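Got some structures for you, see below.
Heads up, the next two complexes both have chain A, just with different partners, chain B and then chain C.
This part shows the complex of A and B:
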């Protein structure tokens, strides 16, 4: 059995509208997986189910061989951490160090250990000089980095990023992406996004539409199915649009295939 | 947007009062406040007030800011004083030499009419007198009283007298000193302690009460989250104000009815946003393993210094002295 295993998982908010409609998924340890989908495709629901914030209606979820249910939830939360979309709404502490400490305080970590962990992980996200700052004095990217430090300090094996960069300015996105790139080697990462240019950094992309998985594969494999991506109401990359144009153009382009290949390479370029 | 917004009255500083642990400050202040109501001797009260002010001076707080914090309570203070003086009629009448503070007034038809006309004039002209409104009002009132003492033309409606008694003076000064001391004490606390430290202090004080601990920790968490989100929600409300103003809402002018409508256009989005935030926050807290009422370790622990111990020793001595003086000498 792989590290995270979902078997026939169903979930619905209203009576007959399934937000998750039979999800079968397995994720291996150390993988960097992107879940790609438009608003309402069920990708955030999937994240919330994985961390036990909402309960599945049907099916089985196994994390590290343990089935997720009410009894094991505390155990499983130690293995899985999540960073949410809104940087303001997940900042619990009054200062940066308080916020990083929040999860540790819940875990009853001793004070000395806590200070050590705060120093270690605040420097990991390069926020070590901001420990006494209020959230009001921080940018969105900085707040999000603090949130990542808070999750990292609890030493989970999996970290879910639920559209963690979608509310940030370009600088903030860059900072957060760098941090993710940094921790990728040590943790299993599930990034949830609707942005293809973000998704191409992953090892594996899972495309969701209407509560179902419609595509699953490496970025190269997934991007080739341009039609499916468009059907899933995703914004395809400009280079992919261009490839389509080149393919169907009546203009006399020499070496069409070579141009296409070059553009594909550009599309995958990280 | 102002990034360094500070809420509450906290003034940055490094005096010994600033460095005292918040729980120490709360406990000492609480017992000082109690002793203010035990003591009834005027000189003793004055002594306590002077002592409090001496402490305030050692903190090097900006004094004008400190005094400004009393302004909100000034009206209340004036009213209590006036009522004390007017309605306490025990003890001998105050007199300076031959002049006694006792006046007799005859309310005649004529003075009544003059009074009503002056009042109407004041209301009508009030629009144009902005600056000295309060003083004008006082002068007019005194003028009417003066008229009543000199006009003795019949028919007289009623005759009444106002006299100022010694006991009224004592009780008024007592109330004055007590309220001023209370205000100074609470200002001293809020000026030298960050809101979050106050919160931690309250938690520390209630920590020994085992049966309450669960509720105290929940309440403490609620308070610290409230403190954390005040600036965020304040910024949010500013944004909504601007957004609504750009759509034509006018929060400054208009009748009361219009103003209420405009305030609702601020309140409803604020409520919706706060609930959304609360839901997100609850999710984030739950995902990070928060269980309401569960035992948690603390990053910030109370640092007991020598000054804290000295403060407690002082408190014990002071409080025993207050009790003893009450019991032995009835001060």
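This part shows the complex of A and C:
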């Protein structure tokens, strides 16, 4: 069995509309998976189910070999951390330090250990010089980095980023992406987004539409399915739209190949 | 028909004590914006002063020093607090208590600020967080009622605007039952119901999916084209700018670094780099092709995919030697 395993999972908010409509999914330990979908595709519902914020209606969910249910949920929650979309909705502390300490206090960590952990994780997200600042005064990107440090301090095995960059300016997005890049060797990461250019940095992309998984593969494999991406109301990268145009252009076959290669290179790496 | 800002300086939190340092958020801003037919973007990083500037435009904040004049039909409205010419470069005077007192003095104006706010509507970032009424209809009516329309008049206005925004099916719903994109439209409708000449929106597309984003931007373009409104967006998204905007104003550390066409901006490499701005995606793709394939002749400044493809064909086609 994989590290995270979903078997025939269903969920609905209203009577006749399934937000999750039979999800089968396996995620390996250490994988960086991106779940892509438009607003309302079911991707955030999936994240909420995994962290036990809402309960599935049907199916089975296993995390690290343990089935998620009422009895195991407290145990399983310790394995999973989540960073939410809105940086303003996740602060409890008056200072950055208090905020990172909050979860640790709940776990009754000793003071010396706590100071050590706060220093370690604030450095990990490059916020070590902000420990005495009020989170309110920070930029969006800085706030999200503090939130990540707070999650890291709890030492979860899986971290879910639920649209964690969608409310940030370009600088903030870059900062958070760098932190994710930095921690992905140590954790299993699930990023939830509707942004294709963010998704290309992960190992595997899962595309959701109408509560179902419609594509599952490496960024290269997924990006080639332009039709499915369009049906799923995702914004196709301009570089891929241009590849389509190059294919139908008057260029000779060698030039076509040359330009296409250059554009794929752009699509994956820029 | 224009709003003109002359030598505007602005500081938050001015202390009477001269030993407390004085930080201006905006420095010597000069700017003229027509009250109709413009499509403008304000660009700048966090702390550039762009949010402060738009709040000055609709009198939510008032200048610390400087003059704002609004020419409207035959009337001219003025908000002004002028520093005497002899003091402008007098550093000694600027260390005195007198100067602090001057900065704290209220500004003179011959227009009711409420009138100005009605002319220039401001939609904050994430306006959906400011929705509070029981139904969408009531929420849209709130603005016009606040600007002294009767209940009936406000209702007519609200329905009119709902029709224009194609959200009539939402009017009886609770705003809290709507999706994020719908809520944002409702919040914008609430401002439009007061019929402002200028509509300012702070990051209106952040967090929207691509389809909703395009719908909203197309609607704004239509507001300008059909109803001759001036639309001002605060945005970081260079693709939005390259597709929908005509004039760009770049701010950095409280100063206007650039005010002109988007095309000239994107060609100004030095400015783009010094203000840490991105290129529109298509320009950036073309730059990659130029470098990767050694195409010295390729004109990278293309703003839609068809033009980009034509330029690639021109540069690499068989007719090209």
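In this text, the second predicted complex is superposed on the first by the 263 of 270 C-alpha atoms of A that agree within 3 Å, B and C clash if a C-alpha of one lies under 4 Å from a C-alpha of the other, contacts with A are read in each partner's own complex, and residues count from 1 in each chain.
By our rule, a contact is a pair of C-beta atoms (placed from the backbone, for glycine too) under 8 Å apart; a residue touches a chain by one contact, two chains touch by 3 or more.
All values derive from a computational prediction rather than experimental measurement.
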item: Chain B versus chain C as contact partner of A:233, first or second or both or neither; value: second
item: First, second, both or neither for A:38, with chain B first and chain C second; value: second
item: Partner chain(s) touched by A:103 [first = chain B, second = chain C, both, neither]; value: first
item: First, second, both or neither for A:166, with chain B first and chain C second; value: second
item: First, second, both or neither for A:135, with chain B first and chain C second; value: first
item: Contacts of A:175 with chain B and chain C, given as first, second, both or neither; value: neither
item: Contacts of A:252 with chain B and chain C, given as first, second, both or neither; value: second
item: In the complex with chain A, residue positions of chain B that touch it; value: 3-5, 196, 224-225, 227-228, 231-232, 235, 276-277, 280-281, 283-291, 294-301
item: Complex contacts: residues of chain A adjacent to chain C; value: 38-40, 85, 139-140, 163, 166-167, 169-171, 194, 233-235, 237-239, 241-242, 245-246, 249-252, 255, 258-259, 262-263, 265-266, 270
item: Residue numbers on chain C that touch chain A, as the complex places them; value: 45-46, 126, 179-181, 206-212, 236, 276, 278, 281-282, 284-285, 288-289, 292-293, 305-306, 308-309, 312-313, 316-318
item: Contact set on chain A toward chain B in their complex; value: 48, 51, 53, 74, 77-78, 81-82, 84, 86, 88-94, 97-98, 101-111, 114-115, 118, 134-137, 150-151, 154
